[in-house]
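What follows is chain A paired twice: with chain B in the first complex and chain C in the second.
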Partner chain A sequence: MEDEAFTDINGKAIFLDCQSHSSFCREFTVSSPKVSIGKVMVYTCSVWLLAYAVFFFTQNTAVLSSAILITLVGMMLHIHFVKVDHESLLVIGSLGIQVSSSYASGRETTTFIEMSKIKDIVINEAIYMHQIIYYLCVLLKDPSEPNAVSSVVPLFQVRMMHNVLISQMETCFWKASLHLERLYFPGKASNKHIVNHSILFLMNIVSLSFRVQSRG
Partner chain B sequence: MGQRRRAAAVKNPSSQGVSGGPAESVRVSSRKHNICMVSDFFYPNMGGVESHIYQLSQCLIEKGHKVVIATHAYGRRKGVRYLTNGLKVYYLPLQVMYNQSTATTCFHSLPLLRCVFVRERITVVHAHSSFSAMAHDALFHAKTMGLNTVFTDHSLFGFADVSSVLTNKLLTVSLCDTNHIVCVSYTSKENTVLRAALDPEIVSVIPNAVDPTDFTPDPSQRQDDRITIVVISRLVYRKGIDLLGGIIPELCLKHPDLHFLIGGEGPKRIVLEEVREKYQLHDRVRLLGALEHKDVRGVLVQGHIFLNTSLTEAFCMAIVEGASCGLQVVSTRVGGIPEVLPEDLITLCEPTVRSLCAGLEAVITRQRSGSVPSPASIHARVQNLYTWRNVAERTEKVYDRVAGEEVLALDRRLQRLRAHCGPVAGSIFAFVAVLDFLFLLLLQWLVPDRVMDVAVDTTGPRRLWRQEKSSKNEAHSKGATRRAAELHHSDGFHASASVLAAYMMPYYLYDAD
Partner chain C sequence: MVLKIFFPQCCNRADSGLLVGRWIAGHDSAVVLAVIHYPFIPGQVKQYIQQMQAQSGVELSVLGSWSLPKDDQEGMESFLRDLSTIFPQERWLQISRQVGKTGFTCDILNRDQTDGREVQQKVKKKEDEKTDGEAGAEGEEEEKVIFVHYEQRKVMLSQLHPIENGVPDPKTDPPSELRQMFQTVARSHPLFFLDKYDDGPLKSTHWQSEGREASIIVELLKQASVPLCLLISWLLSIWTWICNIRIFSLYPLRFLSSKLSTCVQLSYRTEHMRTLSSPKPAAGHTQFMRKANILVSFLVDVALGMLLISWLYRDNHIPMLANTLVPAADHVAKELEELLQWLMGAPAGLKMNRALDQVLGRFFLYHIHLWISYIHLMSPFIEGILWYGGLSACLGLTFALSLLSDMVALLTFHIYCFYVYGARLYCLKIYGLSSLWRLFRGKKWNVLRQRVDSCSYDLDQLFIGTLLFTILLFLLPTTALYYLVFTLLRLGVVLFQGVLHLSVDFINSFPLFAVGLRVCRPYRLAEGVKFRVLCDEPGTALHLLMEINPLKCSTVVQTYRTPTYSCYPKDSWAALVKKLFVGELIYPWRHKTTKTD
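Up next, the complex of A and B:
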């Protein structure tokens, strides 16, 4: 597992770790490398040089102090809200999944999605900034309307490349099953085509426990 | 299935360097192309260009090519969607400026279009419609990226007024690099060659097609105590609605059993309403408003005569549909119309009220005396004239020819632009081409081609999409249109569209939470 190099959509390396706690419980952790000191230096230096250039022409010391402030606040905000240290996905059979991401500052956010709300886990394709990417997401359903999708929750903040998603799907999810042509919307007959075709392609990954649940 | 998928996944990181990618895939799949259709106009917008792109794509998929479509986002419909047979549509979030055409800055569409071309391993970019800014942008970017291009022109243009002069200049620049141009009629070819100062050698004529199985005659729907003239067109100036406003009172006065059935909507509706009001013709002139494609046949079969009053037309689909339903066709002699139908199936008139009235009266007299051919015999003659499969075959030949051509390097491209488009415009656009190239280099540095995901093929030789085993192939041509119609009209589609929207909503909408 570890010898395969994974990258995110920007070509940076990420690491994927799969742990099996018990036959019902698995955890996947995606971690990205720490902020390199070089990068911090480059950003800091460029802001300070710019500030010094402005100071040189305006002779206003407020520019320098504000530059220091900007770098400090910027760095803090970056590590607190942007820079994700690692994210983990805890799948507990018949209970649900827990998604937690911890930021470089130590802040941690955790969401739990209970089994009855999960419709499926799929790879979707979407336009993200100026790129078109694949991403892993959970489809939620409303218990009152079991056939419709009520919302879509993307799973990882670190956008992984497709091959990561697939290898994850194939090697980690135990007994991952690709059942491509499952029909989600038993609506009108005429819809079937369109819906079937569109869904067909969102490669499904549903773990065994999910299926046991749906059978029960 | 899983194995193949894994193989594809393993290959992803190794397939480096996209400039080499497309060429490889051509060699591997010998003469199967990866085509990207680009136009501002695609469903849910309705019109001739839209259905042309859809039908052509479906037939090319059937022939084993890989086809994707890129258009701009329509309202909430943005992102990636799949249509029948795995036809993939990218609704890119580009700003719409005027008349469903995107704003052209020559640059802002490059990142997304590059992403589409690279991840889909496109070999031929096929742009549609000269009104579409996105199509021109795509031609420009494709050349910068070293791809072969084809352009289909769907409309005729004048030469005299300022707007035409400007558009023609832009077209000259845009088509200067394009490998091959397709026009829908010989008139349109002449027009395009003159407008864009092209070498006629690289311009092909491939007509539009209609689906004959959708337009079958049904004489029982006609009312025999009257003669009904059907007009189906958008009610705009170009379609000669003012002429129609002149014809209606004149003929209604002479023939008390004459009825008009007019389908379509547009700014000129007011002209017809005034005429109806003025001459008290409410019971004889029925304005049906906007018609959905599936309802068109139902209106056509109620009539005896189909009237087309267009002032300009590259290739008139409506008269073929009319004739296919077994109607007598009366039309103005403009643009490419004389080429469309054999002489004995159409009555051509000058675009004046008098000439059209004379033509209509001649047909009405023939209709009364019963000396017109039966609807079934007209349908039998028309049904094989224009088919989408034929269009796809001919387009395929264009792709085969284009795929073998070399793409000009930047320096030769610049020389060509300056030699071809005049010193001023040529220099300006040569400069723009250089900027575009630099922008591409920047993007390639920011997001190298090799880190971009390769999309999984849904069509073409390496598709992972299982075709349903049914008699679909036989009924394809018929089915395609029907499905297209379903797609765009039935409530069913809207229901499923909203469901799809839930699936395929753009990522950034969810990014906030």
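Up next, the complex of A and C:
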């Protein structure tokens, strides 16, 4: 469906897939490339060479076995907790939104947000190092105050960034949600000339320190 | 508007019949709970539903009809439509399924009250088939249907978090759709008692229709728990009567018992036993989990205590311990004496004030001598004390640890005394110095205004003040050094006691039952749900599978922690360092009183 090449914040290629199950149910999947064998080999070899060099000087065999153990444990932790295989957003009209990330080891974490709790979906901006990046987030209602926003939930919580044109983004998400139809750009109401620049989507907020208050 | 129908997975292959369930108000959705099969007598069905409604408190009604036509059943269409006249409803659902196909089809019949005629809406198969003519004729819009399949037994047993107890606040929003759905299924368990072996007039299909499930062990435990609870409450009443005897309410004993951690732990466990032995069953989910957690942690505590006892009382461990205790105390005393001799000399090359040094050193040496004689006096009884003290571990490992902590506190009482003497002296000196330093600069502390004001002193005041200031200043290193040494010793003891208290607190408050439930039956504690789109055939409504998303382990521990008199650091690091510097006495661990719900 998309013939643009998307890259993430670190320059790696990612893929977007939209699947429409019904007129009011859509699923968007963002997938990143798999772990490359070359990189794994490079890391393993460098760690082991280092360990062998240390062994050469100290003649302590515990260094070698600990290096092997560290590499194995590190790889297992990486594919289980760090390496995201794909993330998907399932929008079901009048039920809610489901966000799920699936890791390289097969682990899946899923969150479902009910329609009654969603106030709005907006594009928010944040400062990440030297650039400003935009990310899609869901505003949740505060149970005690009907007009306030209780929390901001960023979607696609992985280090990803899309180079997507506004028009495509609009079509995708406009058709998807019957009830969540308002996407507004804070402060830039109808400037279509933004379309000409490549808008950087931030899908990055893994760390909780990026809870940016929305202007909602 | 989209109509959502929550359909139980157990009814996917049920024979044709009537759908019984509940309409969720305000959300345009229906929960199907059971299917009542043909043949039936409508009057009996209505009576049964009213009976179930009274028993469970859920607004049950007949939602519609379900048809899975077998080979020999023809002509059901008109029969099914006629049923809607027997059970008058706002909306009548006609769900049907073909054998061999996985998709369902749903027709919705609306009863239009004002016109008195039936307005029928058919569900469209595909968006593209929508034609304007069809919509224009009757003036109604498309009605789309989502079938959400759920596993009835799991949803019935599960509890959605965050838990909302009691009467909902009218100002806040009504409970969400999912919460209402979970509550409906959970409260309808009287509906699931009718199984296919009953000889009643009605036959229904639900998750228990193959036969009611029960566990013999659970039933036996339930029967056995009643006399056990009575016994425990009787024992507790005797114990409370003993504790409330007047002689124990005298001031010194009361003060002591609030300081000794064994007594605190005893009172805490008494509270637990009182909670456990109450004759009423648990009122809600939170109460049930609290009771279960308390019971399991108590049993684990006692088991660990028994393990400790079995290790302690074999192979002569106790005499061995007793025989090493007195030499260890002697060793500590000798080390302290050497330390004091070192301080009385020239410690680390610093030059001390000879006179003050000798005074303080001799004072502390005499204390150590007293303490060592006291230990030697007690040495024949130590083995007996250890033997009987070890028996307390049969009440639980926490008791043994608290006893250990108390014994350590008693045995290192001299270090505590030294610390207090040193701290008081140092504190006096520091305050004196600061006050005289202000005098030196011509200022004074104004108590009324709580600030520093300038003041003009007389000459003799200034002279004496400066003299005293000089004396105190030159005596400062000596006092400071003694203070430093004894503070470090005291902090070491406090650290050890703190570790013991933290482990007691951990055993007391960790919700083992909840964590076990999360590991073995993850659907019982639900954080939310997750949906999966079932691959369906084109032309049918959307089918979703709803699965339960279990709570994260960290949330489980946080939600179900038993509140305790936990020891936690009273001051932050900065405040602690400031107190140490000024010489205030520090009591770094503070006992919190038990929170009441």
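The working rule: the second predicted complex is superposed on the first by the 156 of 216 C-alpha atoms of A that agree within 3 Å, B and C clash if a C-alpha of one lies under 4 Å from a C-alpha of the other, contacts with A are read in each partner's own complex, and residues count from 1 in each chain.
Everything below uses one rule, namely that contacts are C-beta pairs under 8 Å (C-beta built on N, C-alpha and C of every residue); 3 or more make two chains touch, one makes a residue touch a chain.
As the structure is a computational prediction, the values presented were derived from the model and not from experiment.
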Quick check on the superposed pair: does A:125 touch chain B, chain C, both, or neither? Answer first, second, both or neither.
first
Please determine whether it is chain B or chain C that touches the greater number of chain A residues.
B
Of the two partner chains, chain B (first) and chain C (second), which one does A:98 touch, if any: first, second, both, or neither?
second
What is the contact status of A:133 with respect to chain B (first) and chain C (second): first, second, both, or neither?
first
Between chain B and chain C, whom does A:65 touch in the aligned arrangement: first, second, both, or neither?
neither
For A:143, decide between first (touching chain B), second (touching chain C), both and neither.
second
First, second, both or neither for A:116, with chain B first and chain C second:
second
Interface residues of chain A shared between complexes with chain B and chain C
178
Contact residues on chain A for chain C in the complex?
21-25, 27, 90, 92-95, 98, 100, 110-112, 114, 116-117, 143-144, 146, 178
Taking the touch rule as given, give the residues of chain B at its contact with chain A in the complex, in rising order.
1-2, 5-6, 9-10, 12-13, 78-86, 90, 92-93, 111-112, 115-116, 119, 447-448, 450-456, 458, 465-466, 483, 486-487, 490, 492-493, 495-496, 499-500, 502-508, 510-511
Contacting residues of chain A [partner chain B, same complex]:
7, 9-11, 124-135, 137, 139, 148-154, 161-163, 166-167, 170, 178, 180-181, 185, 187-188, 190-191, 193-195, 197-203
Can you list the chain C residues touching chain A in their complex?
1-2, 4, 28, 127, 144, 146, 148, 172-173, 176-178, 528-531, 533, 542, 544, 549
